[in-house]
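Below are two complexes that have chain A in common, paired first with chain B and then with chain C.
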Partner chain A sequence: MNITPCSIKTLKGLYDISGVEVGQHFYWQIGGFQIHAQVLITSWFVITILLGSVIIAVRNPQTIPTDGQNFFEYVLEFIRDLSKTQIGEEYGPWVPFIGTMFLFIFVSNWSGALLPWKIIELPHGELAAPTNDINTTVALALLTSAAYFYAGLSKKGLSYFEKYIKPTPILLPINILEDFTKPLSLSFRLFGNILADELVVVVLVSLVPLVVPIPVMFLGLFTSGIQALIFATLAAAYIGESMEGHH
Partner chain B sequence: MKNVTHSFVFLAHWPFAGSFGLNTDILATNLINLTVVVGVLIFFGKGVLKDLLDNRKQRILSTIRNSEELRRGTLEQLEKARIRLQKVELEADEYRMNGYSEIEREKENLINATSISLEQLEKSKNETLFYEKQRAMNQVRQRVFQQAVQGALGTLNSCLNTELHFRTIRANIGILGAIEWKR
Partner chain C sequence: MATAMMAASTTSCSPRRAAPVLKPVASSSSSSSSSSARPRRPLAQQLPRLLATAAAAVAAAPLPVLAEQMEKAQLFDFNLTLPAIATEFLLLMVALDKLYFTPLGKFMDERDAKIRGELGDVKDASEEVKQLEDQAAAIMKAARAEIAAALNKMKKETTAELEGKLEEGRSRVEAELVEALANLEAQKEEAVKALDAQIASLSDEIVKKVLPSA
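So, the complex of A and B:
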């Protein structure tokens, strides 16, 4: 308790003025782990939205697609195109993974930007997009890492590791480093963008409640979509990169 | 001051039990802005999405129609081909039948001709045989006659004497005379 009263005062004062909560979480204790419950709640919500809409849309499939089915087929086509352009010929098995990444991130981001989560008050922290939390994005990025390692190893076997000394063995450290920077950049990019979007909106709202935040919110929507696309594209590109060059 | 410190310590620990609630402050929850954003999004997004989906649907429809047409064309061709096949089969049957009857007729003709020629041959054979027989009989007859004549000549030569000579002449004269007399 070495915090000086002065700093506490200023902190408290700032906190009261801005009303912006950063780094506050609503914790659940599950099996010795402290879990960010607000992320789990919004994630479940996003998952429910996705699964529910998909189930409703493809409950009664038609040859000539009706509205919902048509929309989801369009989305699927989009994801398949994306996977195909990034991965190449053998994109088939990776469409579900890429699609899951894209849809989860996209719906998460947009739910954070469009739904009035703040109506529901939590004991601590506040509900926001699941991708607003570094844990979610790191989990997604690590999944991507695991996916591209699996893709490379299952395609080439142990000769997959030849790529580390591919141009010259001098690049070995950099190539190894790349395996760490990839998930790092993926997770931080997504996390930073979404958090920044939401923060900007929250700050603007706390300053000028009406009208002024609207353009920024649209910008946030745009960025959110772009971020989801970037994440999916990069995941697909990494997978494709680890599978290419097989003889 | 102590209170604040306490609250900070409290914050640092973050208790797990708490209360959920509804934040009814419209400005703090950013409801109006969100409504505007969602409204604008729906207003503009709907048209774009509708166009997009309609286009897609039209594309699917036209693709289906095209393939239906292709299928129909193919079916028609199949039907035509089947009809032609039937016709050709019929023709082939006809030809086969014709061929069979032709062959049958040819066979019959051939058999007839052969039998006729056979009959002729038989007849000529018979005739030949008959003539041969006739000739043989004639030869035999001739030979027998010759022998008989020779025998008679021998007999005549051996037992012809004057008295017999005269008697014969006389008999002949008598016969001739009787003929003359009758006349």
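So, the complex of A and C:
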């Protein structure tokens, strides 16, 4: 007798947890500007996780690495390898940028997929992965653009702009257009993938709260990792492309 | 589609928020029904007014709330978040560089160089060991040759000495033999001489005895 209402209550609770609010934001007002507080809060959380784990694991490096240090050494080698493949021999100075890009996006995506943000209730909107917000992805994409312009200009000086009329001046418009499509595609790819992933999970959870969404959740984890990798790889590839010389 | 989902989500997932939205509608409808309960005016006259009140109530109370929510439901809402995240990212990059990439990278490179160096040393050491082994083998060979030479020499010396002694012994023995033989010969001759003398005397005596003294 008691079971039915109880289970309905549980289900309702699950539905409440699984609900999604697309495009709803929790606004803070800072000096006349609005800011998406939920993005900032989760990004602080992500940054805290990153810095905390790094400090704990790498504070006192051992010649024979401990488990945590071993993991971070593996990550660093992975990032170095990625940068080296894309940028070439002069990859050294770009490791922090590519690495931070990868780690920030990766931890953000996974925090959105793994952590039950819904438990923390906001007055408006909801906590989710920072990469769920177009502001974040555009910020990262614009930083990437700035990075590859800086890389090209610092390597070749003003002759960097010669690449716009190569191989022929006819391609000038397309080459200019590329500088706009690169950040656009970077930001929208990440934003769309993460948002779509969370939406799919949410919709499935709202239809069948148990078991069925689990494969999709795993798919989401996979997609999140792949997206972080793609973003970092493309950023490195753009930087490498603007640094490579035509001799 | 997104709008539909938004609307669905706002109603499905936040019933508590939807409740105040519904309340004004209920209150306005109750008030309009109470106004319709007034018997003095005819229905035809009342209806437009009623509708107008209801519409006004709906327009005044619930829709703005909904509309406000819908208005704020923006996917592409660029604001201060963008530079804030960019700044955060740059700060994170600097912090991670100081805490992670540079120190751990340097540490790993140093360890790599050290291991490489030690491996090189070990390789050198193995060469050294080989040299030492060769040297030891050479020394052993020399020693063996020396010993063999000494042994040979000693053998030769001993043989020579032995030969000498043997020769000496033999010569002595021969000499002694010769002397002994000579002695023997001399004695023999002496004995023969003595015998001769005795024979003569004996024969004289025999002659004397046999022959008359005449």
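Things worth noting here:
Quick note on the criterion: the second predicted complex is superposed on the first by the 226 of 247 C-alpha atoms of A that agree within 3 Å, B and C clash if a C-alpha of one lies under 4 Å from a C-alpha of the other, contacts with A are read in each partner's own complex, and residues count from 1 in each chain.
The definition used in the following text is that contacts are C-beta pairs under 8 Å (C-beta built on N, C-alpha and C of every residue); 3 or more make two chains touch, one makes a residue touch a chain.
If you're wondering where the values come from, they're calculated on a predicted model, not measured in any experiment.
Chain A has more of its residues touched by C than by the other of chain B and chain C.
Residue contacts after overlaying the shared chain place A:Thr168 against neither chain B nor chain C.
When both complexes are overlaid on chain A, the residue A:Ser43 reaches chain C alone and has no touch with chain B. With both structures placed on the common chain, the touch criterion links A:Ile214 to chain B but leaves chain C unconnected. Contacts of A:Asn70 after superposition on the shared chain: chain B is touched, whereas chain C is not.
In the superposed model, A:Asn60 lies in contact with neither chain B nor chain C.
Touched by chain B in one complex and by chain C in the other are residues 19, 24-25, 27, 63, 73, 124 of chain A.
Of all residues in chain A, those touching chain C in their complex are 15-16, 18-25, 27, 30, 33-36, 39-40, 43-44, 47, 50-51, 54-55, 58, 61, 63, 69, 72-73, 76-77, 79-80, 95-97, 99-101, 103-104, 124, 130, 133-136, 138-140, 142-143, 195, 199, 206.
Across the interface of their complex, chain A is touched by residues 1, 4-5, 8-9, 14-24, 27-34, 36-38, 40-41, 49, 52-53, 56-57, 60-61, 64 of chain B.
Interface of chain A with chain B (complex): residues 1, 3, 5, 8-9, 12, 19, 24-29, 63-65, 67, 70-71, 73-74, 113-116, 118-124, 201-202, 205, 209-211, 213-214, 217-218, 221.
Partner chain A is touched in their complex by these residues of chain C: 2, 5-6, 9-10, 12-14, 69, 72-86, 88-90, 92-97, 99-105, 107-108, 111.
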